[in-house]
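What follows is a group of structures, each given as structure tokens.
Across the two complexes that follow, subunit A remains constant while its partner is subunit B and subsequently subunit C.
Let's turn to the complex of A and B:
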């Protein structure tokens, strides 16, 4: 009996939490689409120096990917310390690989 | 007394994908795999950046790439990332039918992306004679973009196998982690594409 009286309350709380989460994910999606459009326009407009355009679109890509990881893939949620460690480990090795390959070519 | 793990609104845990040990292992295993995939794609990106100007007299990136098609492909793949988020939302609400519907939309968008990519490659090969063997740039380009396309192809096959295999079973604690790990993989494919359209196509246009 006691258990039953609480169920509905918990359910509606959970439902609201999921709705809230979905709203955040929709906002992330809108931002990601926005970043993509900005990046394409920056290149298509052809008015900026490559010196500025390239870092700009790279930063837009990194921010967009962060949204993908933290919101779409839930890395911001609790219980994601291990996934974050694994992912940052991968990113670290990836950065070393990129740096190494670029170094031997451009130097 | 039954061993039925079917979910219903009374028994459903809040996170069905991580409610069992097996589910948690799948979850961590897939993240471990994605960490490794990051390094794999970093090698391809590094190689591409290093070789993108070695055209050996063949077509260069500025001759080949058009932004319209790439923009369409990007929008399709980004949207498919959102539709798989919707699918997981319905999974957590224990609505199997709606989950299947959004997964089907995801698969359709994935196939559309793939169709455009095949069209793109055919266009390069037939109209420009730009192949894997044309130049170091060609090899690096087809390896990087082709491997991503291969990941999309595998993802669609994985998704369809999951959908067909579980069509009559409904959602339970055994298959919820399978759908969830697929969605993580699918988001990761989108992550790689974000860098591909930026580094390969947009930077290729800038020169």
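Let's turn to the complex of A and C:
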């Protein structure tokens, strides 16, 4: 009903935005695959000390999680404050649990 | 029109209607019925426990059966009675309070209920098959739970896993509903406290249940598939179970208490004819309780030997929770202060709640002191404490809510006289039963013991406790009579029997199946009260009358849940004979097939036409 006015104009604008969005998704997807390959090589190539490999993989993982949240799950878009709050709340609860378990059970 | 049609259609159609329904109001009825049934079952188990402990060295039931009784009483009351009853109330009231036509995912809502119901039934089948019910306590501590013979604990694992999945779905559903479906003008800070409590509780469900899920899976693998997570001899660690369990189970007690905080806030404001005192403080106190609730789990484990540093941190964090809780207690008192208070059954439960729960809170702080806890731990003092919180808080709250919202949920008002009688019997019985248990505990009576010896100063106290339990039982029976009486010939309820303040009282009792003919426009906190004060008395619609989009009923949630339950039986018994694996495959197959149908078959629901809505004049 409402898109009777200016249909063509809105459509082309929407199309451009979607195309832009798709490009971003593909770039982040390619980057994530790249990160995964780096992680595999770091382990398989056997050139680095485990002391370096473990933090490297962890950093790559954190970046991947950020891509997942912000690009694939659209947390970068508008009106995602509540999902973001809940997501970080969940991360907080999980981190607390892990910290508690590690500190108390294995220390 | 629809009510007359249902009555003509007979019982089969009625049953089919409820099995396939996706309407939040009918699912609420199902939750209340299911939760009520398990509440009676858990109550029966409690009576058997109290009869066994009425006199010293009693042999009313055997020691093994006693272990099964206490385990099933705790498990049933927490997972299958209190929580579903609360989810039922949330389903019935929250969408109406925020001005929504249903929850965000009606199909998921139905699936959540049926998973809970089938999980509960599966758990209780342990009484009849597989060598007895679970007997390792509701906490199922390893290694007791990994070594318990028979299939009891297997039933515990599968039953809770299935019903827990249902609860998790319910929580996610309520979150999505409150975030996305509030009526125009219903900002977060205008939501009634019960809706706020539903929101916070759902967050707790979302974050706490995964810990239980993980723990149950580890236990399942230890018992059924030969893993050794909790087997010290093979390098496992039994304490991990306690951590995982309490990381879940401490938030769980807030899942039980926060919704009734919401109930009491709404009831106090409505029946005192005053705006809730300190609305903002109430909201933030709720959030703070939920936040702190995740950092205190080890206060259940002070005697495990975590060391003085860990114990002190958890003790102080636990005591901190008394601050937001105290804020709430004082705000309720301040709301009543100077109000014109109506003392009916709902208000009686509210008034009874405040001192009872405060006693439970006070003993909670005593228990939070790690050094003193070495005295209290695993005695009847602890039993008294958590019954003061869960019965004096949650059960009182559920009873208050039932009396308050019964007219909205079922279209009839509960009988006041019987309501008051129920309250007084239950209230007196409750304090008789549990107050004396504080002292039994301090005198050294341990919890979970089958018998106690004569002449150790425990005889009178236990007898008093049992007499109190019978008074509570009589109270519950009178409530049941009240329900049947009201169903048969109770007074028809008007739309707004209590001179209400929030949106649910602006529509008929019971509401039409589409709830709001036009989405309401909310112009302030207590929207209906705002309109009443401005002389209008009814809610302004936010939209012109138009077609309403409704979801279709579906049998698939029932079939999915049935499938998982059949698979559950398969998992339990495949240990005995691999032929039972057929049940696993058949059950999972049925569930997956139903999911596939749900995914592939387009179901766009239907529309109630504008003309039809116009014909249904109000």
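Operating definition for what follows: the second predicted complex is superposed on the first by the 100 of 107 C-alpha atoms of A that agree within 3 Å, B and C clash if a C-alpha of one lies under 4 Å from a C-alpha of the other, contacts with A are read in each partner's own complex, and residues count from 1 in each chain.
Basically, contacts are C-beta pairs under 8 Å (C-beta built on N, C-alpha and C of every residue); 3 or more make two chains touch, one makes a residue touch a chain.
Values in this document were obtained by computation on a predicted structure and should not be read as measured data.
Per the definitions stated earlier, placing subunit B and subunit C onto a shared subunit A by superposition produces a clash between them. Applying the stated contact rule after C-alpha superposition, one finds that A:90 touches each of subunit B and subunit C. In the superposed model, A:53 lies in contact with subunit B only, and not with subunit C. In the superposition on chain A, the chain among subunit B and subunit C reaching more residues of subunit A is B. Remark: of the candidate stretches 92-100, 164-172 or 182-190 in subunit B, the one overlapping subunit C after superposition on chain A is 164-172. Counting contacts by the rule stated earlier, residues 82-83, 86, 89-90, 93, 97, 100-101, 104-105 of subunit A appear in both its interface with subunit B and its interface with subunit C. Chain contact summary for the complex, subunit C toward subunit A: residues 175, 179, 203, 206-207, 211, 237, 239-240, 243, 247, 294-295, 297-298, 306, 310. Those residues of subunit A that touch subunit B in the shared complex are 7, 11, 14-15, 18, 21-22, 25-26, 29, 32-33, 36, 39-40, 43-44, 50, 53-54, 57-58, 60-61, 64-65, 68-69, 72-73, 79, 82-83, 86-87, 89-91, 93-95, 97-98, 100-102, 104-105. Residues 82-83, 86, 89-90, 93, 96-97, 100-101, 103-105 of subunit A are the ones touching subunit C in the complex. Remark: subunit B residues 9-10, 14, 18, 27-28, 31-32, 34-39, 41-43, 45-47, 49-51, 67, 71, 74-75, 78, 81-82, 85, 89, 92-93, 184, 187-188, 190-191, 194-195, 197-199, 202-203, 205-207 touch subunit A in the complex.
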